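Down below are the structures I want you to see.
Both of the next two complexes hold chain A, though its partner changes from chain B to chain C.
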Partner chain A sequence: MKKKSIGIQKATYYNRLQKQGYIFILPTLLLFSLFLIYPMLDAFRLSLYEWNFAGSPLYIGLKNFIKLFTTKRFWSSYSVTLQFTFLSVFLLMFISFWLSLAFTSKLCWFKQLYQSMVFLPVILPMVAIAVVWKFMFQSTGLLSVVFLDIFGWNIPWLTSTKVAPYTMVLVNVWKFTGYYMVMFIAGLLNIPDVYHEAAKIDGAGFWRRLVHITLPLLKNTIILVFVSCAIFSFGTFALQYVMTGGGPSRSTEVLTLLIYKEAFEYTKFGYSAAISVMFFLTLFIFSIIQLKIFSSEAEV
Partner chain B sequence: MHISNRGKLKIAALVLNLVLLIIGIIYLIPFIWMVLSSFKLNADVLSIPIKILPEPGISKVILTP
Partner chain C sequence: MKKLTIVFVLLFLLISISIVWAQEEKINIVHYHWTQPPYDEINARAAKTFMEKYPNVNIEIIFIADPDMPTKVRTAALGGGGMDTFAMPNMQSAWFMANGICAEIMPSAFGKETIEEVLEMWQEGSLQKTGGFYNGKYYGIPFEMSSYVAWINTGHMKEAGLDPVANLPKTWKEFVDTCSKMTVRQNDVIVRNGFAINLKASVFPFLVLHSFMEQKGLDWPTEQGLKDSLDTPEALEALTTFTNFATKDGIFNPGLFDDEREGFGNGLCSSFLTGGSWYWGVLDSYSVAREDVAPIPYPRFEGGKDIGGPVYGYCVFVAEQSKNKEWAWKWLDHLASQPEAFIEHGYFQPRNSLDPALADKYILNNDVFDAERRNGAALLASPKFSETQDAVGEAIRRVVFGGMSNEESMNALKEELSDILE
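This part shows the complex of A and B:
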């Protein structure tokens, strides 16, 4: 009996503490909801209006969305974004995984040196990187001239609709490899050496150890890298905005850039909010699917 | 000719380090170019043929608006 009463007392004590806790987070919560959550929700309301920033918003129902689904520009932008995301995720995961494997192996002599070389682009701001690469990709820039002189290839890096999207992927991969490499290294160092040593004694080769020990134990890290990589790549903006501004005949016009242009260049705020809603829905569906896969694998 | 297991490992390490060094340098090139370009005049950044090193005398860059 005594124990129970203590339990109840404890519960009420914690309940009281929790109520006090809400008071402490109230200032941040208020500012957060005023400046972050309210504008986010307001975008949904705005997507049903026609508004040019000057006059008062005019309610037009779902016309924005109908226009969205019937215009070619939105769908081409959508496919450009998807292509960029798929290629970036694939290349980033592939390169950073193999680099992290190399950096954690015992055969690597100057780990710190190589790691900092690959990690350097991560600490630079995206805009600075985009400006430097833009200079290098110009027809008189370093890369164009080097490729022309050494290999004899005249590559129109930023001026061809066929090459420019891949150029964007190249710069994106160059910037973020170090970031995901560090994530993979953290995951790899968490795997105890014991497993590898035991497998070696049993005569397992490199590939067998990779498939049966490293990959299964690294699963959580791989999922984390995949999800964050996909979300960040889908929301890319500064790169395209600085380097091509939508590119030769809209071949690099990603969704975020289209949202920006519709809102601040053509002053169609309602339409741009509708694109934002579509953008949000895509990532929302993606994260739901990813959560489903993740939870079903955790149960097994 | 028979190469011992140890020798094989050494060769593998050498190849791996060489490859990693090359990858590291490839990752560094734009960075080096950025730093070098910051010491150049506007005209020298995009000149043909390429000037890899900046002209001597940093004061020139600082004094030009």
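This part shows the complex of A and C:
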């Protein structure tokens, strides 16, 4: 009887604490709803209107979406964004995974120094990075001169529609490799050494251990890195805005840049909102797929 | 004592109420202006002198960074309060006039009876050139007027064996020849451009091509004229002349740097087409000396029209939402009536009250700038200016960076513009 009453007291205490907790987070929740959730939801409404910021919005149904699907510029921008995302995700995962393996290996010397060097670009602001790289990519810039003098290649880093998209990926990978490397290192350190030691005793080599121990036990980290990498790459803006402005000839005009231009340069807010909706839907579908993978992992 | 206190309290309340009343009775005018020292001080002084002249009016100037002006003014207009007058560059002003944000000029505020009398207060055509005119109506009065001329490095000319006076180019063909001689290469890579322009931003190639088109006799200041011009061989020739600078003539490597004004100032290019009289001041912050530089009129096409570089500027407007339009116009008239204060800093206001001798005194080579301002090309007045400019800039970039032919690019431009200007 006494135990029961203590239990009830505890439950009431925690209930009260929980209620108080809600009160504490209420201001943040309200501000969050007002400045983030409401504008996000309003973008869906706005995508059905024609509005140039002056006067009242005019309801036009799905016309913005119809225009969107028939406009070359949107599809070109969509494809530029997808290409940038796929390449960035692939290279970032590949490079950061191998770097993390190297830095967790006992054979590597001066690990912390190398790790810090690779991680350094992560803490630098993207705008500053873009400005510095832009100078290096000029035809008399450091990279151009090095490639010309050593290999005899005159690479038009930012002035060719064929090269500029890859230049963007290069800078993006340089900046974010350190971030994903740290995530992989955290995952690798969570794998108990005993598995590797047991496998070694059984005669398993590096590749076998990698395929049968490291990768399966790193699955959740890999999924996390993959998802965050894809979302961040898909939403890239500052890099293209500063380095190329979407050029040359719209070859680096990613979706976020198109949304910005349509809204703030051309004052087509409804159309811009429609592109935002498409942007959201793409990431939403991607997230659903990722959630499915996660839940199936949990079931296993 | 108690009675005395009550009397004092009542007296205090009475004075307070009368002060509040007096404040309320004052006419309050809020003006949005872009910030640019040392001109901010002149504008602030204008507000002070106006308030001294009319004590019943209170002027508040809100200074905003130039690139933020359109968004800030749009937001203020949409908010429905707090803005009576504002400045706007001609490339953006058509949007505000077309969307009912600007009020028409009120001649009575200027002490005139007709709009024609008001127009006579400024140089002929300057309201069009500075963006105060739209669709047959006058909405803004000029605040600044400038024009692009061609800037050439005479030091580089001498270095290339050219005479900096006799060999100054007068036609585009001569321009290419001169620039070609001044271009420097190392390992087949251009390390000093004979000519340069910032192709990353659409505005510069658009403005220069705009002049080319008008020199070819095409009507680019109107949307219809622009659309109709794209089928003509003259338009194709103008586009080709421009893109050839980078693709065929070998005088321009866009990969060398973005900002041609900076490149010219540092001696990395020998000529550019996007500087006004204000560039003298800009040049002083770079390594190239004034004596090695000459502003010259835009070259012309052989047999083409005698039209110079693009003319642009700022107008000041009264917002349609202003409750005191007459006073607002009076204030703008006062603000834009001190060209002699601005000219000291090389800033030209096309008001007829300006003594031409002062312009000659304070603007180096004013003969070139003045002639080009008068002969210059008025720009397109369209609420879709930004989009149009971007499409035109893209037509140039497709050829220069994408390797597309001029014909194909022109066709793509036609398609894009018919959609934008429909």
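Note that in this section the second predicted complex is superposed on the first by the 279 of 300 C-alpha atoms of A that agree within 3 Å, B and C clash if a C-alpha of one lies under 4 Å from a C-alpha of the other, contacts with A are read in each partner's own complex, and residues count from 1 in each chain.
Everything that follows uses one rule, which is that a residue touches a chain if its C-beta (ideal position, glycine included) is under 8 Å from a C-beta of that chain, and two chains touch if they have at least 3 such contacts.
Everything numeric here is computed off the predicted structure, so don't read it as measured data.
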item	value
Clash or fit (per the criteria above) of chain B with chain C on chain A	fit
Which of chain B and chain C A:118 touches, first, second, both or neither	first
Chain B versus chain C as contact partner of A:59, first or second or both or neither	neither
Partner chain in contact with A:110 - chain B first, chain C second, else both or neither	first
Touching partner for A:284 - first (chain B), second (chain C), both, neither	neither
Once both complexes are placed on the shared chain, angle at chain A toward chain B and chain C, C-alpha, multiple of 10 degrees	80
Which superposed partner A:75 touches (first chain B, second chain C, both, neither)	neither
Which superposed partner A:244 touches (first chain B, second chain C, both, neither)	second
Contacts of A:140 with chain B and chain C, given as first, second, both or neither	both
Shortest span in Å between Cα atoms of chain B and of chain C, once chain A is used as the common reference	6
Chain C-contacting residues of chain A that also contact chain B	138, 140
Contacting residues of chain A [partner chain B, same complex]	99, 102-103, 105, 107-110, 113-114, 117-118, 120-121, 124, 128-129, 132-133, 135-136, 138, 140-142, 145-146, 174, 177-178
Contacting residues of chain B [partner chain A, same complex]	9, 12-13, 16-17, 19-21, 23-25, 27-28, 30-31, 33-34, 37, 45-50
Complex interface listing, chain C residues touching chain A	71, 74, 77-78, 95, 99-101, 187-191, 199-201, 253-258, 384, 386-387, 390, 394, 397-398, 400-403
Residues of chain A defined as touching chain C within the complex	52-55, 134, 137-140, 144, 148, 154, 156-161, 244-245, 247-251, 261, 264-267
